[in-house]
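Next come the structures, one after another.
The following pair of complexes shares a single chain, subunit A, combined with subunit B in the former and subunit C in the latter.
For the complex of A and B:
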């Protein structure tokens, strides 16, 4: 009886080893590692976020073919992890014909350097408008004076 | 509403430069034929400043904000002078404020210059008989024409990797946000010309 039981147990054990082979193909393998993520924040120059804007990422070795794509969230933010390739990565954010290109220099073992246009302050903008207005008014005054001189001499 | 650098392909940007150059050449040819072109320079200089500074005025139209264009005003007030004035204004906006790209300057000139010429033509046709109607239609019509050109250029230059459906939807939202601006610019041109007729009739353009 005990010998019979041992045979049954040994057969069941052997069957148990073989039977789950197909089930192993559905097993999940998970690897976790730390990586440096890029956090993009896209805004219009009025300060409003570029919500749901499309982002196209270009790798250093091929600046014409997109390496990856994404969409910003409601606040104009997008986070992603780049490949390990060092060099100048480019990101284009665009929405309804508006947008901008940002470039990032990523060194082999150096920190990320970001280059992007920054918004100008109101003081700087007003100064520029004033300078252009001054030029235009000067042009107008010059022409008026010249015409006045011509009329006076005539 | 300015196209920045990198949004449209290079060949489209070059075609935009060619089209704008053609329009400006035509405008300069017409200006040269005027009896006293220099007489218009003060008006051109001052309106170029107004056009240049107008891009800084953002009007909140939820969920976005829109900038004044003033293409209709430029067309009505300056006639053929509007084209070189708009090109100079756009160049300064791109260089000093980053509004619009240098590579897209030709296309931006086309987007605002062609509607300005349309406004000028409209004013010449019916401005004498119905000045208020002509001024309103010139101001608002120029905004609508600029919107149509902008949307057509953006859609024609969409890269294959872009989600075209999402971009079309975003363009529709942009156009809807600009409809109140079309109304506002019509009122601006109509009011300005009405004030000029009463205060300084010599400044009212007669075509």
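For the complex of A and C:
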């Protein structure tokens, strides 16, 4: 009786695990749309890139709460697409006790190029962070949907 | 309804008490301020301290909602825990501090637009002159390695710049570090002190959280941060690191006893990891 109950329970549990998997496999929806990309480039005054630096992004409508975050590559670069909120976006870049905050005004037009630096003199490493409008990411919309499957967004 | 009346009463009391405390302190120093003093190393009149403590006790649960700005000073964990392996000085000494006194003055929080980037000595914006001087022991810190200096009422806004000066105290020294240095079998008691005055014009605080946002219902805090590794260097950093190239290390003081040093060229002052423009006064 007990073994029977365990088998039933195990079968029900396995079915529960499998059900979502099958649902996912039928519904893959990938959308890509045109968007302005921003490239951040962080480096020291020596030319050494701020590799693998932490980047935290703050949106204009809630500047005290991180909107997003990322990590620069080994060349000190990070590319991303911002939201639609107009105003001042802020970017905090930190690595090994060094840090800089840079800002970018987003309006109706394309973002302006801004370069920020901080620190001075010997004993501090000058940080330079450039933010540039980098062009468009994606030129079309793509939808992949498995034939016969359900729409995942439904 | 009762709670609202109680809060209104507390609000009225707190608003009236804070200028009184500040005025008493200002009277002692020959200046007026609206600061609530939290830490003064015994340099405040006993009666003023009583008033300050009474105000803090009454307003403790309310100050968070009062639109206030609290200022802290920190020497980070290097002040409270010392230089321990692998974070030894650049020349391999372990340091244990028994006292690090620093005196801060001319403290001003700023709302700047566009944001001040620490690229010069002058900050343009809306200024909130806080107070000073304050002498604090950075080893006597809370669990976050911070020493609370004072709390002031502040208008809503983002305080994204901070200026302050490191100035000599009554004994003539702006920064004094006392402790014991150890290397191999050597144990060296030391007192290092500087009489220099240094002005700092700092950008926005940089750290794990973004600071300085005061609203009608919430307070905020800011921090003066002294990076002691800019004085002693770090063994876990490359010898060619800019900080290590500038730092003294401990060898120049290894004879022990009292030594005086200059802060000229050393950038100890920060706001978290944010930078400051430094000018010798």
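In this section, the second predicted complex is superposed on the first by the 86 of 154 C-alpha atoms of A that agree within 3 Å, B and C clash if a C-alpha of one lies under 4 Å from a C-alpha of the other, contacts with A are read in each partner's own complex, and residues count from 1 in each chain.
Just so we're on the same page, contacts are C-beta pairs under 8 Å (C-beta built on N, C-alpha and C of every residue); 3 or more make two chains touch, one makes a residue touch a chain.
In this text the structure is predicted, and so the values were computed from the model without any measurement.
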item: Partner chain(s) touched by A:48 [first = subunit B, second = subunit C, both, neither]; value: first
item: Touching partner for A:100 - first (subunit B), second (subunit C), both, neither; value: both
item: Which of subunit B and subunit C A:67 touches, first, second, both or neither; value: neither
item: Touching partner for A:91 - first (subunit B), second (subunit C), both, neither; value: neither
item: If touched residues of subunit A are counted for subunit B and for subunit C, the larger one; value: B
item: Footprint overlap on subunit A, where subunit B in one structure and subunit C in the other make contact; value: 92, 94, 97-101, 117, 120, 125
item: Parts of subunit B lying in touch with subunit A, wherever the complex brings them together; value: 1, 3-7, 38-39, 41-43, 45-46, 48-49, 52-53, 56, 58, 64-65, 92, 96-99, 150-151, 153-154, 159, 161-163, 166-167, 170-171, 173-174
item: Subunit A residues within the subunit C interface of the complex; value: 58, 63-64, 92, 94, 97-101, 103, 116-125, 127
item: Contacting residues of subunit A [partner subunit B, same complex]; value: 44-46, 48, 52, 54, 56, 66, 69, 71, 92, 94-101, 117, 120, 125, 128-129, 132-133, 135-137, 139-141, 143-144, 146-147
item: Residues of subunit C defined as touching subunit A within the complex; value: 114-115, 117-119, 158, 203-204, 206, 210, 213, 227, 229-230, 242-243, 245-247, 265-267, 272-275, 277-278
